[in-house]
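Everything below concerns the one structure shown next.
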């Protein structure tokens, strides 16, 4: 992407919503409210949200929640979800035991 | 939940041999090499684990090894994806609490 | 030149160093603009390191910064920034399995003790007492009880969050192309579409600093190496120490979350090629398996822990292995803070505070004289 | 390091098709799949596929999987199962977890055919045991032979929601409702109709308000929503269920491609993050191809053709065929693909509200809003005509690329005209011999054989029946309307099950003649 973004741009105040306690990241148990709050703390990219809250950093590595988180962050920032760059994909695609990962054929 | 004895399109399902395993200390039966989660479901087990932060119950969600919600402690190892791990004779399967095996309540178990 | 693009200080780079400098400058009342070339805050080594907050094993030239930070800044950091940085001050074990290892550790320990650090050599039994999960093959270690670790991802973002709240302007995706001296003093910073102006310009952009500094004729002799880290699933709590080995097979800790974060190398780092996208260096297929083998040599109990993710990051390695910090006499207005050589996170807060002090008061309270630009000379 | 000419990741419809085409042209091919069984989602698809003969139409999904496997096997393709690809690197190195080891392989070319993963939506209670993905339901009942639940609510009326609802009924479960936030049924009308006539109600413009239960699902409450998707107070409906199933769309599983450094885009029309590919599936990294759902969500039949195209491309890439041959073959596949991408549900029409068929007939609004065609709408479609004696009544009301019916009739009495998506009609001049082949061949179960007046005040209706226990001749019960309501008494005249019908039994029931055009399903009276 690499577009210039001034992080002091006004995105409005954090306004509590009735479904803020809805769990979004099932693995790390992060709620919608925590994600929305993080956006107001300045975490404007999916990578920053992930590093700040651990969304998508659990066992499933965001297989279930990444699309949901993207939608929430986009709405909070008032942009289209397509404008948000998803977090990097990294090996291993599935959890692998250390003894297996370390045993190369 | 019930196993489907005869399916209108697929007919009768071929099963492996019947094996015994323990769930939180209780003796249960299932078929060899079917996913652990299926054997548990056939025995009416819905709760596979309790989450770490909120202590909320979780069970099968995706059934194909992606979501990792169905993980349990199997033969002492935590975080085993039961929906894609084949059942074997004598397996020790325990409800997971956070990242450890849940304590078996008084009066339960063998 | 629009006024909105000027500030007291322009900081280039929003890693732990840039974020911390901007925070401590703002605390001293300065107006600051931080320019980040990538889309993310903390995109370089700041978010890719193993989280060590160590004094032991450090070069005497940077050790005072490490000791200062651990004494004065780290303990209250979470409270000060309003975010839990997961700081643990529960010691660092540097492990050895052979007499040669112990010799290496002894050397490091002797040098640190000479600088006044509380670090000592301990035997196998003492190691076991501190961490019972280690392999029986460990015959000794150096032990620094005041070392520790923190969460680098969160700490970097916590500095950013607090600084932003206090009015520091962060601009991401704003890659700096050149610096410009105006009437004898470095004042202007050019990006593709904008010009920023400040009384001081801080260059804290990791390896990228080299190209930026070159535009005003300053060169920091450094190279970059692509190294990797990995993280496991959450496991039951086992230990709180930071770990490393004499041979640098791996380093790491168990996080509050329960996952183990370990870093290491394959040995091919000098020539690892990065084929990943611009802002996210790619992993090499052979590195993470090598780190796993390194860990299991010391930690057989972790062989069943599942790796959920690996990642890569650049070290900005200075010719002599310690950072370049402070003013550059020949270019007034320029402050350099780069070439941290893979151990910048732990001293990040101290560097931030001292650089702010340098800019505001003209001098630091910690001796950084051994880290100045201009120290590099030919060998004969 | 071991090197293959082609490494294919994913042994689903596109991966196997690619393997077959590449192997046919002489390449040494290996296919890795993380599952215990190959075939991808095909092995969970127990319904007959749409399309034309060339596209495996009227063959059940799992049978297509078996056919592909046999063909791949005969060509010497190496299919390695329980092999999880954990990493893909830009120099086309593939890291695979097999057993207790990580294997490093190099591919001269790599085809990624990893398919898609399910999307989820949130509502209070969505993490409770008993809330599952539709894919999970399919896996449980069709692969492992176990009911996902007893009483189930389905969220999502796209093809997956509809097909899985029908499969749930076949597995002996009760589907209490199909719910969708959109105001129209998302999937094929024929899929909706076969569920509706079994009595499953549709709630469009509804969402789940909450799922109840402490340790597991015990109930669910839905409510209606307005055009802005805001709930309308007082519209709550409660169902006692033990399972809530989500079928709310798929996303390409493209992480490996991103990891390999392929240029990606976020394309809502293709279902999410997809690699930028040329028309034949080559990504921005030379020699890495993407085929099937991973490069855009479509039907399995399209995925197979995309796979074939990738197979041909790698053959040319490695010099087994020349550029001209490649282009000739690709053009032919492109034509096939194009024919599948026609009709109301074509990718280009996604999200559009279509009001008329290609023939200019108004689409049934009841079908879109309730899942079945109303009695007063059905007569306007060309397949619904009246004749003396037994004749086919084709309740096919939307343009979809499918034509097995016209080949099924030995007398050639059915035609879809010159376009595969046109609505089929019955030729006037040909006599129906009551063989039932059309009924069994229709993948949408939309063809009935009706004798509107048997002369004694009754009529007979022959319908496709894929449930157990199978009713017997003489059984008494009810004729159900297209909506699934009991509308008349009915007696089973015959139940035909022959091999050519492929498990679609033909049940003929006798009903009062005024119900000849209304009764479309049979329910046995409870004793």
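Order as written gives the chain letters A, B, C and D; numbering starts at 1 within each chain.
Everything that follows uses one rule, which is that a residue touches a chain if its C-beta (ideal position, glycine included) is under 8 Å from a C-beta of that chain, and two chains touch if they have at least 3 such contacts.
Please read all numbers here as calculations on a predicted model, not as lab measurements.
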Innermost chain, taking as reference the mean of every protein Cα atom displayed: A
Chains linked by the largest number of contacting C-beta pairs: A-C
Could you work out how far the Cα centre of chain A sits from that of chain C, in whole Å? 24
At what distance in angstrom does the C-alpha mean of chain D lie from that of chain A? 32
Approximately how many whole Å separate the CA-defined centres of chain B and chain D? 30
Spell out, as numbers or ranges, the residues of chain A touching 2 or more other chains. 23, 26, 58-59, 63-64, 88, 90-92, 94-97, 99, 101, 103-104
Multi-chain contacts in chain B: which residues touch at least two other chains? 52, 56, 58, 61-62, 65-66, 69, 79
Sites on chain D at which at least two other chains make contact: 34, 87, 95, 102, 104, 117, 127, 259
Enumerate the contact residues on chain C facing chain D in the complex. 275-277, 282-286, 289
Could you please specify the touching residues of chain A with respect to chain B in the complex? 23, 26-27, 29, 58-60, 63-64, 94-95
Touching residues on chain A, where the partner in the complex is chain C: 1-8, 41-45, 47-48, 51-52, 54, 57-59, 61, 85, 88, 90-92, 95-99, 101-104
Chain D residues within the chain B interface of the complex: 34-36, 46, 60, 62, 117-118, 127-133, 135-137, 139-142, 144-150, 170-172, 215-216, 466-468, 470, 503
Which bits of chain D are touching chain A when the two form their complex? 34, 84-87, 95, 97-98, 100-104, 117, 119-124, 126-127, 251, 255-256, 258-259, 266-268, 272-273
